[in-house]
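Labels run A, B, C, D and E following the written order; every chain starts at residue 1.
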Amino acid sequence: MSAYAIEGVGLTRRFGGFAALDGVDIAVKQGEIRGLIGPNGAGKSTLIDVLSGRAPNRGGKVLLNGEDISDLTPQERRRRGMARSFQRTNIFPELTVEQQLRVASWAVAGADIDEVMDELHLTAMADVVAAEISYGDQRHLDLALALVGRPTVLLLDEPAAGLTMEESLSLARILRDLANRWHVTVLLVEHDMQVVFSICDRVTVLHLGRSLSEGTCDEIRADPTVVAAYLGTEA
Amino acid sequence: DPLRIGVPTDLSGTYATLGEEVMRAVHFAVDEANANGGVAGHKVEIKSYDTEAKPDLARRQSEKLVSEGYPILTGLIASGEGLAIAPLMERWGSIYVSTINKADELTGANCVPGVFRVNTQSAMDAATVKPWLAQRKEKKWAIVAADIAWGRGSGKLFAEAVKSVGGTVTAELYTPANINDFAPYIEQVKKSGAEGVWVVLAGRDAVNFAQQSKQFGLTDAITVAGVSFTTDGTVKTLGAAAKGIYGIINYSSTLDTPENKAFVKAWVAKYKSPPTNFEGETYMGMQVIYQAVQAANSVKPADVAKAMPGHTFDTIMGKLVMRAEDHQLLKPNYFGVVEDVDGTLRPVIKTTVSAKDVAPPVTCKMASK
Amino acid sequence: MALLAFNDVHALYGRARILNGVTFAVDRGERVALVGRNGVGKTTVVNTLCGMTRIAQGQIAVNGRVMKDLRGYIAAQNGIAVVMQGRGILPSLTVEENLLLGTATRRPGPWSLDKVQALFPILRERRSSPGLALSGGQQQMLAIGRALMANPDLLILDEPSEGLAPVIVDELAALLVKLGEDGIGILLIEQNISLIHRVAQRFYVLSKGAVAESGSLHDVSRDELKRHIAI
Amino acid sequence: MSTIAHGAAATVRRKPLAGAALFVTTAVALAVGVALPWLVPTKIAMSLLAQAMFDALLATSVGFLILQNGRVSFGQAAFFGLGGYSVGVLIARHWVAPEVAVLIAIILPTLVAFLLGLVIARITGVAHAMLTLAVGQAFYEVVFRWRELAKGDDGMSFNLPRHLFGLSASGLQDPAVMMVLAWTILVLVLFALALFARSRIGQIAAAIRDNEERARFLGYSTMLPRALVYAIAAFIAAIAGVLSACYNGYIAPQMFHWSVSGFALIMAIIGGAKFIIGPAIGAVVLFYIKDYAGQFAEYWPAIVGIILVVVTLTMPRGVVGLAATLWKMRGR
Amino acid sequence: MFIQILNGIVYGGLLYLLAVGLVLIFGLREVVNFAHGSLFMVGAYLGFTVAAMGYWWGGLLVSVVAMAIVGCMLDAAVFRTLRKQDHIVTVLVTFGILLILETTVTAIWGKAYLTYPVPRLLAGTVDIGSSPFPIYRLFVIAVSVAVALSLSAWLRYTRTGLYIRAASTDARVTAMQGINVDRLSLIVVGLGTALAGLSGVVAGPLLSLSPTMGNYILIDSFIVVVIGGLGSFAGAFAAALLIGQIHNFGAVYLPWASTVLPFLLMVAILIWRPTGFAGSRT
């Protein structure tokens, strides 16, 4: 087995003449939580899209546990253990919370959903159709759909957005737990620096479609270019 | 007990205008009979349902009429409707007198004891063409026909007729039903260099084709003739655009027989305008039913059916025989042209082809039970 | 006279009662935060103002006038601009067209296309790309820019920091403070405590469909506020 | 963290008919079917009921596609007609044993629909409706013009064989027998659909209907389940077509016509397309409304039109939707 | 050949006039308007009645104005009431309206086919490449091109146009910008229906009038709308011209398949691009 759970080599994505991703390399070790930060429009979501098979990848390669999965469909990637959440909530509006989590679990051999519902405070609204729960709860649900069946690689696009501060921290705890206990590898896009710096092993900074720098949290926090371009007073 | 006639017909579908004519003629015949004390003492009653010219609905409505006590049926328009109910006559214990269906099969391959046809079938129309064609000077003909069984059959027979009189067919165009724009076809007729065009279209298609060819100057440039094309209804709609169009006429109010003159007179007195071809044919169907009832001296469909084959009927077209072998009424057919008659345009009969000359061959193998 | 005042408002979605007597007010030049847990009904407050729920009881007054008929466009015509949760970008319209929509009420004021584009340069750079093509954070900027284009008296922002990079959140904080100082009322619905503290002067805590707590932000620490929200 | 008890006051999911209730209802409905010949007074009433059942099957097929796939079909008559034509042509030509003809007539449309489903199911909304319309009309044009197959536009009558599956086939044209048969088939179909909706594959299909992209990211191939729903829907339409063709002893291109599909859709919506039983109820209601309006000769369309407008304005969720609402209110 | 192309443009133009009304109404109210064909038919009958008195252009005006009013009423009474319902439910209502309109027209004008006169000004033919071509058909082309140009300009360059495009994408968000979407949709549905009236009058002299005349052209118009990419005006124009040509050349070169060609084209285009020519709507 490869040392890297998920690896992207030379990832590129263009819209017309504009390169949203311009040959980005990224490699995340087994069980690592990798933060992915960068200014708005840096290409973070696009990177997740390319890794997860939502967007076509022109010219680069995606490796999952050392195996080239560039040509696989999203469903095939999911069956190999890669799961993702979405920045724009992407749920099943007409199904109840429980129904959709159940459907999610069937895809991965009937995993248990009670734990996920519990952790993400969805139990109380198990029987409510998703269109009628609040935005924050929908964000929870989106994340829960990704967590069902404990994937080996998790690609999360701003999971803490829309959550209360306290919930963000509880989310951070869950992720840390997943990584430590189950060796789940996480690639985490997040603008909430408290979350990023509290749980990430390493952080990659993306800027204008390129990887600007990579390092431990402390290294990144100390990098003046990152502070100027991105962190501001959060540093 | 009354003579009860069921009239399933198209009141809201493709042929709703014909259905309207059917109903008018039926009402006329009923009122006339009842004013004279009924038919052989039986008061005449009718009931009608809308079939939308759909076979399955024709079946359902006919069945309803029969079950409600109206076992003598008439008035269906589309051939498919007639063909759909024909096989059911025996089971329902009813009879059907066809007055508008043109498909040869109805009294040919698909004939059954309970079905009788009073109107002209396609084969009879075809036999009418040749005598007319022989006397025309146009030698190059184009054909524009509806792409259905009737149009294809008529078109083919016309092409054969043209060849048999030494002419050529320059274009054979079959148009889908209910299209809006005939321009591409008109353009092709023009380009083919035809001296005449033979049109096998009915209803809306006939009107649209005639109107658009007038606009393109086709009608003025070459001879236009057709079958079912110069019905009274179409001519009325088209107005001046119809003038000078030739065509097969199955019935015309201008027909010069004493019976017809009396009928037209009574009709005009009631409706202010002369009867159309479909009205004439439907009326004839009612005449046939009445006389069969008189002959049978019964209103039971089985008795009426027995009285029909071989019987000679006294109709507005003269004395006509219901052929026993296939239940087709042997009637004459006509060829005419649209002309101004007393200030209104009407198809006027120019050539009469006798019943004997248009009689179709018998193809029916009636399983007589 | 308050710009916006809710007086004991009870509101329902279908049969589900979400607001249970909400009372609060925002005045000119005031920067007010509305906070509360997920699903407590903060967005419902905004939706109610925009006529998207059924009001069973209570009143909403804008500029001292009690609103009888609350339909979607009425709040905006009364000088209230909303940055919606989920942003409400029109995906097939260009960025510039999205901004121009903000001026539908034709209210005069300091904000123009130029000024908004100067504030968020990306909105100029991408002015002719469809709204759909923007990244999440860029869409948030567009939503804020569009609300500014309306030159509102009252600006309501439903979780505006969501998806924004920290530097931009800094800028947003400064902007909101400045707007308030210019006399505009600000109603800020937020989860980001630090942003609340930087921007707002007063706060209301929503809980169980009603205002459970309120006060001045000078008097409470971040931790206290967090505890309030968690009730 | 405390649970969010308050906010979750929103609508609670409609629990599907509990298992036992479903079986009991089905059993009762089947028993009613057996008793029908004693309940229905006249032959013509039986004949009408039988034909209403054909409509109910077709509408159920359309409704099922909406419910499970979220796709509006404007061409379900294609499978109705295909079933009818297959059985009619094969029996008339004596190409295969009549039993085989019936089987082919049901399997062929199902297969065709499955293959079509693989291609067109990814298209949604109005475009999908138009596509299915195109498919239906293409079949219509073919049988309309292919005179050698079944006499083109005139349609073709055919005689049933003496025996079918060892039973006397003439019963198929007897209103009493056909009424009971069609009723029983409808009940069984509805029962099977209810089971399908609760099954795993049924719920997965519902998820795919709701959000196809996310379903793929959960690991599902979305093509097969959708095509399967198409196939099931076509299967039901084909049964209706076979029954109708056998009962009438006649097939005509109108079986494929878009107006048949359109009316089936209307029936499904009037009844309530969000309920499995809705379309069947809608079909029966509309069938009798239309039959009744027939008394008003050519004015019947206006009567039906007014009823459609009134029904949709007053009960947008259909007859069954209204009934469900009333039932809920009674519970309060 | 050239004449055939011209004929294709005539039919395409007619389809465009009808389709663009469908697009307008679909955009704002998300209503798939099955009554559109019968509104076209009513427009034709209204115009016919006035034209039969000798005022051809008066008929045009009366029809357009009357249909605009009908459209506004339809929007206020029906579409507004149903705006929160599933789109499929509104289809049912429009179908009901279709049935009512057809029956009403039958009761007033009868079932017989009527022919609409050509205005004196546009009667006769001109020779195009030595073949006579009706002047009236050139007029049809002119009308549809004029409508296409002015409509796109209006939608592209005016504020109301912007609001309409916005409301067609998301009525809720548009309303929150202070735009009265109900009033906007009154304009839009009124306009769309007026265009149906206009096309009814314009088509009148080409076709015969009957209560069901709308049904024979509605499906072609729907195909145009779908191929164009729902809600797209430019797409509808391109699609209308394409279908017009297909219709003509199909009749000449592939007569046996001419009726299914538009369908086949639609299938091909949708499989290639599931949202049609210009579709980006989701």
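Odds and ends about this structure:
Keep in mind that, in the parts below, contacts are C-beta pairs under 8 Å (C-beta built on N, C-alpha and C of every residue); 3 or more make two chains touch, one makes a residue touch a chain.
None of the values given here were measured: they were computed from a predicted structure.
Taking each chain's centre as the mean of its CA atoms, A is the chain most distant from subunit E.
Here C-E and B-E were compared by C-beta pairs in contact; the pair with more is B-E.
Computed from the mean C-alpha positions, the centre of subunit A lies at a distance of 28 Å from the centre of subunit C.
Rounded to whole angstrom units, the spacing between the C-alpha centres of subunit B and subunit C is 75.
The mean-CA centres of subunit D and subunit E are about 32 angstrom from one another, to the nearest whole unit. One inter-chain figure worth recording: subunit C and subunit D are separated by 49 Å, centre to centre, where each centre is the mean of the chain's CA atoms.
Those residues of subunit A in touch with two or more other chains are numbered 121, 125, 132-134, 137, 166-167.
For subunit C, residues that reach two or more other chains under the stated contact definition are 13, 16, 37-41, 230.
Under the contact definition stated at the top, the residues of subunit B that touch 2 or more other chains are 12, 16, 19, 147. Those residues of subunit E that touch subunit B in the complex are listed here as 3-4, 7, 10-11, 14, 102-103, 106, 110-115, 118, 125, 131-134, 136-137, 203, 205-208, 210-213, 216-217, 220, 247-249, 251-252, 255, 258-259.
For subunit C in complex with subunit E, the residues that touch the partner chain are 50, 52, 71-73, 75-77, 82, 84, 88-93, 97, 100-102, 104-105, 130, 132, 146, 150.
Within the complex, the subunit A residues that touch subunit C are 15, 38-42, 44-45, 87-89, 121, 125, 132-137, 140, 158, 161-168, 191, 193, 229-234. Every residue of subunit A that touches subunit D in the complex is listed here, in rising order: 52, 54, 73-75, 78-79, 83-84, 86, 90-96, 99-100, 102-104, 106-108, 121, 123-125, 127-129, 132-134, 137, 145, 148, 166-167, 170.
Contact residues of subunit E toward subunit C in the complex are 159, 162-163, 165-166, 169-170, 172-182, 280-282.
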